[in-house]
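Two complexes follow with chain A in common, the first pairing it with chain B and the second with chain C.
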Partner chain A sequence: MKIAVCIKQVPATTEVKFDPETNTLVREGVDSQINPFDLYALEEAVRTKERLQADGEESSVTVVCMGPPQAQDALREAVALGADETILLSDRAFGGADTWATSYTLGLGLKKIEPDIVFCGMQAIDGDTGQVGPGIATHIDYAQATYVAKIESLDKKKITVKRLVENGYEVCSVKLPIVITVVKEINEPRTPSLRGKMNAKKAQITTWGAADLEAPVEKLGLSGSPTQVAKVFSPPHREGGEKSEGEPDELAEKLFGLLKELEIV
Partner chain B sequence: MDYFFTEEQQMMREVAREIAEKKIRPIAAEYDESGEFPWPVVEAIAEADLFRVFIPEEYGGMDLGTPIMNMCIVTEELSKACGGISLGFAATGLGTMPILVAASDEQKKKWLPRIADGTLAAFGLTEANAGSDASAVATRAVLDGDEWVINGTKQWITNGGEAEIYTVFCVTDPTRGARGVSTIVVEKGTPGFTFGKKENKMGIRASATRELIFQDCRVPKENVLGKPGSGFFNAMKTFDMSRPGVASQALGIAQGALDIAVNYSRERRQFGQPISAFQGMQFMLADMAMKVEAARALVYATARLIDSGVEKKPTMYSAMSKCFASDVAMEVTTNAVQVLGGYGYMKEYPVEKYMRDAKITQIYEGTNQIQRIEIAKGLIASAAKS
Partner chain C sequence: MAIRVSEDKCNGCGLCVKSCPQAAITVDKGHAIIDVDLCSYCGSCVSACRFKAIAIEIEKQAQEDLGQYKGVWVYGEQFRGEIAPVVKELIGVGRQLADDRGCELSVVILGNNLDAAAADLAAYPVDKVLLYEAPELASYDGERYSRVLADIVRSGKPEIMLAGATTQGRSFMSQVAIKAYTGLTADCTGLSIGKDDGLLYQTRPAYGGNVMATILCPYTRPQMATVRHKVFPMSPKRLDGKTAEIVRLDVKPKLMTSRSEILDFIDLCESTVNIVDADIIVSGGRGIGDPANFAMIEELAKALGGAVGASRAAVDAGWIPYCHQVGQTGKTVCPKLYIACGISGAVQHQAGMSSSDIIIAINKDPDAPIFQIANFGFVGDCLEIVPMLTKRIKALRGVAV
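Take a look at the complex of A and B:
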């Protein structure tokens, strides 16, 4: 069974900078890390592979990352954590992509790999959209299960997962191929092994550009993005509200007066 | 300070550090309190290939020619987070050493790959009446056909009950004194081999310490390491190689306590300023840091000397590293408690545990009094030679 994982390299600090021209994140020259949610996706992929291999089935994990050349570091770290193959989708044409163009591009990469399962983190800690996983599924016409907290069972044709939903859990069986986005409850990620780190150092990282994906340039990057970021700003500090003290009856009357004034009641 | 490690050694340190920070530090207090054996951490250490670092490649290891330095690096890093949990690793190193020192190729093939994969080992020498005087062991092994029949009790054995592979020192020829002792490997589950109760200790509480009880325990004749009668020699050679391991455990404990003390001194405010602004505090922290760094330099130098193989008998330096680093650990952890004051004395804060954990490093694998005797012996012998 072929398993793929999509990871994103995100800033390791909270002091992010934005490009004033495009209003997108500046990633160059910033300490970075694998998006923490993606570590759970990678761990689940590696565990799934290990379970399959223990049952005598062939399985491998391919990690895909879209980003600038420095995202190689994230892919090397993924090798240290158990990935077999790594593919970097990197091209100037991919720059400035929103979630539509990102999931489209990742989808093109995944189509070449033809995985049975694609694991993603539930969202990235910088963008927080949670759209790329479902976006990929839509672009490549895979089934999807989001916010997965547990894989209940897996066979060659279908997978049963437990999803974290607002009021509890939902268990569903879905046909493969599928895109799964995972929540933190799903596992406890391992730390890198020594062999893994040594392999990571030697790992050959395949890079695919726009030409390798045979992608129409107008669907990529900033030009392929239906959403454009108009403005990026830190929300202003909230001013403290009005505070009144006194007897309950008095306060109730005052509050009622205020509500009336605001035409709420 | 930069000690110019190889790239692989830096990787070992990073791998160990991540386990220490992510898997050990968050649960150290809980295991100290319960005294439970930290199997999840031991499994993580095994999965991270760290049991391979002191075992040669042909036996499933990754020692890369520097087993002692590697063992020290990993032990130090793990011990920064918990000097008790790190012992599951470090005491396996000690238990493995007699195999590395004395076993035949066939014996190494039998046991080392399992240890490399994360099977725990333990070293069984101490008895109720054979502590510092290790030659006084009374556990008896008698050859009966193709088997050794072992009777006796080993005491205070680290990893006892949790380990699978035990290197046990037994008297095989009572007429020959120290030259009548042999090293025999006994595996857990062998009939006649049982364990005493788990000891309730002052420190290193997440480490398991038990008696090994042998009652007509039969093991194959070929489980003896080296020639019968070489046991005492094997034990001494083991200590030459293993004492930097205890030293690095002490070093990790000391560094861990120092880090906590420095951070606390910057946060704790009295008289309107952080206590780190007071000279009295600065002098204390400076002395602690100086001693830790001096200990580190000695431990690393000793480990490199042993790995280089140029010194046939590194006993004196091994003893120095163990003695110095453990004395430093005791002093630094005591002062770390002092830096934290009343908070330091409370179990809600982590430093009192470092102080309790440090104490054992002055005692086991030879008390520091025995280490000083070894150092003096080495001094006098080399003076007599020149």
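Take a look at the complex of A and C:
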């Protein structure tokens, strides 16, 4: 069984700050990392592969990443964590892609690989949209299951998953091939082994550009993106208010008074 | 597509260098130079430049006559026939947008046996309730739902389509947008109509809430957005006692195939669980010290009629299930009141709750970062303060203590 994982290289977003005085993003010293949710996707892919191999079935994990050349680092890290093959989708023409064009491009790459299962994180922490996973499934006409918290069973034709939704968990059985997006609850990602790290150093990373994907340029990158960013600005600044200290009973009484004042109680 | 720096206007001040999240800009000989291999065309530098020296040019035009798209549609998400609370919020903002555009507001509902839900919606200030009923649509199925909605969007041609940023809305609106080849902006917290261009200005947080971005969808229709819970007030019902027209749409059986089958649904229907819809959230973190102490948080939440949240630390320690987690890798919430108990307030946690109306923090550590964003801080042990507070509230309400 062929398994693919889509990962994104993101800045450590909590360190990206907006400076309202200069109206600029402050990103000094901000490192890049694999999007945290994608680590759960990768781990689930590797675990699935290992389970299949233990049952005597052939299986491999291919990790696909769209990004600039330096996104290679993310793919090497993926090898350290158990990926067998890595493919970087990189081309000037891919730049500025919104979720439509990103899922289209990733879809073209995946079509060449023809995986049975594609794992994605539920969203990326920079864009926070959660739209790319379902977008890929739609572009390449795969079935899909989003917000998956557990794989219940898997055979050659279908997979049964438990999805985390607003009011509870939905258990559904879906035909392969499928795109699955995962939530954090699904597993605990491993740390790279020494052997994994050595594999990562030696790993050959395949790069595919627009020509390799035989992609129409008008559907790629900024040109293929229906949405445009009109403005970037700082969120309303939040200031800490009054801080009360004292004995617990005084504080509880004060807090009670505050809730009354706020008409909460 | 291209990004250009005007040599006449650029004075090499370097503001754009700081603004670039990709580190794609350098200043050389008094001019900004953009490395297009690194550039993600995010527009940060365009916004940052005080001299209007940077421009992103797109050679793109509408492929069809956009004037034929009219009206604002709201997706009326329902679960077992109950309309999701966020839908009433969407009706409020949708009405405003429709009035600004001088067009109709419709709510679309998909499912089965939805007469009561349709009647409920018809009492709100909408012009039409579009009802699409089929037995196959009784439970949400992304494949069927997206196929049906894409089909009725194609024939109905709305100019704007809004849905709640729920797990359902975020998954299946993306499918609809792909099928319709149009733009979708996720998790909007601001929506308005541009005075000059009539476009939908969609504002949303990015980078974990550290940055806001306004997104446009200029060349394709509908302009689609998912909208965060609790950002817009719920629409009141119509005052004139009139009701909206309920239009039953023709069902196309060929759209009903699916590769997915629902086997079971495990309810987590306790009121303290659904944090995104809650007006009040009481959250516990590592400072709670012990899983058993979460009962105390739950007591307070119940006394206030709120839900229970948790920090990542508490979830990772196995003290409380993941569905309660607030923050970057959990849920984003914006309740009227957020009470953080024993939560230090790391930026990752703040990303999920900093847009709450009022934040109250209780923490032993006077230097905890949570106090930097809390409207009201209480420096003390939540294990002592919370039970006293709960007791006080219960006494007020006449509940036996």
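Things to note:
One rule holds in what follows: the second predicted complex is superposed on the first by the 220 of 265 C-alpha atoms of A that agree within 3 Å, B and C clash if a C-alpha of one lies under 4 Å from a C-alpha of the other, contacts with A are read in each partner's own complex, and residues count from 1 in each chain.
Definition applied: a contact is a pair of C-beta atoms (placed from the backbone, for glycine too) under 8 Å apart; a residue touches a chain by one contact, two chains touch by 3 or more.
Quick caveat: nothing in here was measured; it's all calculated off a predicted structure.
Contacts of A:263 after superposition: neither chain B nor chain C is touched.
When chain B and chain C are set side by side, the one touching more residues of chain A is C.
In the superposition on chain A, A:184 makes contact with chain C only, while chain B stays out of contact range. Comparing the two complexes, no residue of chain A contacts chain B in one case and chain C in the other. Across the interface of their complex, chain C is touched by residues 11, 13-19, 22-28, 36-37, 68-69, 92, 95-96, 98-100, 103-104, 125-135, 137-139, 143-147, 149, 160, 162-175, 178, 181, 183-185, 221-223, 225-235, 238-249, 251-256, 258-259, 262, 264-265 of chain A. Across the complex, chain A is touched by residues 1, 15-16, 18-23, 36-44, 47-48, 50, 56, 58-60, 79, 84, 142-143, 146, 166-168, 170-175, 177-179, 181-187, 201, 205-220, 259-269, 274, 276-277, 280, 304, 321-323, 325, 328-330, 332, 337, 346-348, 351, 354-355, 358, 360, 362, 366, 371-381, 384-385, 388-389, 392-393, 396-397 of chain C. Against chain A, the residues of chain B that register as touching in their complex are 7-8, 11-12, 14-15, 18-19, 22-23, 44, 47-50, 52-53, 62. Partner chain B is touched in their complex by these residues of chain A: 190-198, 201.
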